[in-house]
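Listed below are the structures to be examined.
Next come two complexes built around chain A: one with chain B, the other with chain C.
Our next item is the complex of A and B:
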């Protein structure tokens, strides 16, 4: 129990970031280069915080509202953004995050401006967070195994081919945005209920870089990628003190090395390596068998 | 009053244009959004600051800052981008890699400056003010405007009137074909990244002087503004960057003066968002420009 007490906040932080990682993963998996997760998270966090603090709404209702808000924002955002591609999509979603941050700073009466909202009751427990992560993991897992996941993969790998095969690219891009928004909003809500105070600066450029690193590190092909990527980044500062002091440098080096040498992430690369080995073994076994048959 | 506002707008616009020139040069020639440009810009300001503190004259500090950040920029190209050119999805990979490089530079600068805001010693640049027709302008501001004009001219001359520039444009058009015709792409990469870095370096020193602050996060606001400029002016268009930079400066000053306070940022990023949707190629992005954006 003692060890768990020490690492309890870290574990909460890890679970929270797994949620954000999934929100980022689902869009990247569909070939959408969106960095809007920070914007969804900011909206979700403020939605929950305002409902809980100012209107004494119950925590579950507030979280549901955050989820719905994220979903709605994703839907609205997807409508214009499904037209853009690549870098243009990334910049447009970055603009969205900046607009959200600027409006949060502007609407001081409601959001508290740069100071943010303080004294948020700490209503979320680790168990609730764990259950939420489990449900989201299951949903992402089943999406990955279903036709939607295959459509996402096809669009990411080659949009023209996917379109020729009858995959409606627009529809799946919208779907990816909506799911990403819902997850981002929900975990933004949890964020507000875990950390006592929120401010717009929490969801800025650093947040964006961190969430992208989770996926680059872990891989975007399966549910394990984001979990492993998040675990590595979150535990880095705990492993050694120099790493904690130079966290950004460690993160930067990891990003550069990973994207240059293992662009599919740790987990996805490992899986494909094992598959290759297995296929090679199977081939060899087959060859030997056929030799044996020929010999007899 | 309005004349003074317009003038202030043009001056801050020139500052933005100064930052965006190098940024747009790389995005036009190599189809890379180099987010590490912000880090190089900040490094230039730091080099300039330490040179001045060590007692070197300002002009020498500027020259050293340009050389230092030019070399740094080329080094980033080698470390962050060279490996990626073999891969297919360079757009995404380069973005991630440059975010990583930027994080490393920010971390180093933060450790070096102890998270302090440094400022140039008083009197580094003579504080002279000119008054005419009720308008007040400092010598430094005039110098920045003049410098943007000179650098813009030099850059255009280099790209369109010299043999080096023809090689750069050839590589921008089609690297393979340029190589077959005897252009050495390595030397082109060196030139473009060095020039881009040197431009970032001089921008860093001058902006550090103008606002009398040099700190590790100084690149971030300029990077975000840089995105707006590059998109509005057309990705990779050098005249576009200057015009969009000036336009942005004027609009920002007018918005700060006449809109309710705090809405300026929201307006600028909404402009970027809408601009992307209506005309992703920007004001000047078109087939006519040889150093054009890489869109498919």
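Our next item is the complex of A and C:
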């Protein structure tokens, strides 16, 4: 129990970030280069914090409100973004995050401005987080093997082909934004109930880069990518102290190495390597078989 | 299955007229040819039918239904499919998944069923998987099932594209230069597949440069030059039309 006590806060932090990673992954999987997760998380965190602190709303109702707010924001955001692609989506969603953080700064009466909201009761437990992560993992897994996942994969790889196959790009982009918003909002809510105090700066550029790193590192093709990517980033500072002191730099270097050598992430690269090996083995076996037939 | 009708179809890009007043029909259960020299507007016609380009004027009907202003995915759902001049597969996905995605327009499970893994979605996944495996067997591609499609040889990629088109089971299939870069044996094999599809009731529009191939397969041929129909009829007649010969070879 002793070791778990020491690493307990770290485990909570890991679970929280797995949630964010899934919110980021679902849009990337659908071929949308969105970085809006930070905005969804900020809205979710403030929604839960304000409801719990100012209005004494119960924990689960507050979390549900955060989830709904994230969903609604995702739905609204998908509308102006429908015509944009690639790097323009990244710029537009980055602007969305900036707007959210700016609003949180200016609306001092409600949000506490730059100081943020303090003395938030720490209501979230590890079990609750674990259950939330399990449910989200299951949903992402289900999506992955269903027609929705195939439609996402088709859009990401070739939009023209996806359209020719009858996939409505608009519909699936909206779906991806709504799911991303729901997950981001929910885990934003958990975030507020875990760390006692929140401020707008928490969800700025650093947050956004970190969440993207989870996916670049892990991979966007399966449920394991975000879990592995998050585990690596979260545990890195614990493995070696110097890494903790130069956290930003270590993350940056890791990103560059990954993009250069394993652009599909650790897990996805591993899977495709195994696939190719197996395919090569198949070919060899088949060749030997045909040689044997020819020989006989 | 319904037939496809084009009526006085025109497309202008700015001041350039790419297609002008083209009319023809792709009847069910047959192969119709569309030929013409480079730049004649053949691929533009395909892009107009599939909704990738907006019509400037004219009408496109599928079984009496106007599809001239429909979005690409709507056209696909109504039953018009195509193959591409430069094969376009999902390169990262396995061969099996590339075929399964062809069933997309026949999917009935709801979004919620997919998200929460309800039985409606799971049994549909199983069914599509089995049907895709059967197609792989039919096209002698079973051993490539788990290969990423992007790594396959050209001829095999063509077969994957054909399997995907068959999985879609469209009323009308547009084939944009399907045997380009193939030898006569490979082309012949693919020609057999086309004939099989036509006899199952599908209407095929074959866009080709290979005149021998077109003559062998098509009941009717339409010849385009600089965006206009210059000849139409059975291949044996059209190929000897002096206008067609001039368009292809130039005047002596």
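Here is the rule we go by: the second predicted complex is superposed on the first by the 296 of 296 C-alpha atoms of A that agree within 3 Å, B and C clash if a C-alpha of one lies under 4 Å from a C-alpha of the other, contacts with A are read in each partner's own complex, and residues count from 1 in each chain.
In the analysis below, contacts are C-beta pairs under 8 Å (C-beta built on N, C-alpha and C of every residue); 3 or more make two chains touch, one makes a residue touch a chain.
Only a predicted model underlies this, so the values are computations on that prediction, with no experimental measurement involved.
Participant: Quick one: chain B and chain C on chain A, clash or fit?
Facilitator: Fit - chain B and chain C, as placed by superposing on chain A, sit side by side.
Participant: How wide is the angle at the Cα centre of chain A, looking out to the Cα centres of chain B and chain C, in steps of 10 degrees?
Facilitator: Given the fit on chain A C-alpha atoms, the answer is 90 degrees.
Participant: Figure out whether A:282 sits in contact with chain B (first) or chain C (second), or with both, or with neither.
Facilitator: After superposing on A, A:282 lies in contact with chain C but is clear of chain B.
Participant: Have a look at where A:26 lands relative to chain B and chain C in the superposition and call it first, second, both or neither.
Facilitator: neither
Participant: Who does A:18 touch here: chain B (first), chain C (second), both, or neither?
Facilitator: In the superposed model, A:18 contacts neither chain B nor chain C.
Participant: Can A:86 be said to touch chain B (first), chain C (second), both, or neither?
Facilitator: first
Participant: For A:167, select first, second, both or neither according to whether it touches chain B, chain C, the two together, or no partner.
Facilitator: Touch status of A:167: second partner only.
Participant: So in the superposed three-chain picture, is A:138 touching just chain B, just chain C, both, or none of them (first/second/both/neither)?
Facilitator: second
Participant: Looking at the overlay, does A:212 come into contact with chain B only (first), chain C only (second), both, or neither?
Facilitator: first
Participant: Quick one: smallest Cα-Cα gap between chain B and chain C in the superposed arrangement, Å?
Facilitator: Nearest C-alpha pair, chain B versus chain C: 13 Å apart.
Participant: In the complex formed with chain B, which residues of chain A make contact?
Facilitator: 33, 80, 83-88, 90-92, 94-96, 98-99, 101-103, 105-106, 108, 113, 205, 209, 212, 216, 245-249, 251-256, 259-261, 263
Participant: Considering the complex alone, what residue numbers of chain B touch chain A?
Facilitator: 33, 79-80, 83-84, 87, 89, 91-93, 95-97, 99-104, 106-108, 110-111, 220, 224, 227-228, 231, 235, 262-263, 265-266, 269-270, 272-273, 276-277, 280, 296
Participant: Across the complex, what residues on chain A touch chain C?
Facilitator: It comes out as residues 138-139, 141-143, 145-151, 153-154, 157-158, 160-169, 175, 179, 221, 272, 275-276, 278-279, 282, 286.
Participant: Within their complex, state which residues of chain C touch chain A.
Facilitator: 50, 52, 71-73, 76-77, 81-82, 84, 88-94, 97, 100-102, 104-105, 107, 109, 111, 113-117, 121, 124-125, 143-144, 146-148, 151, 164, 168
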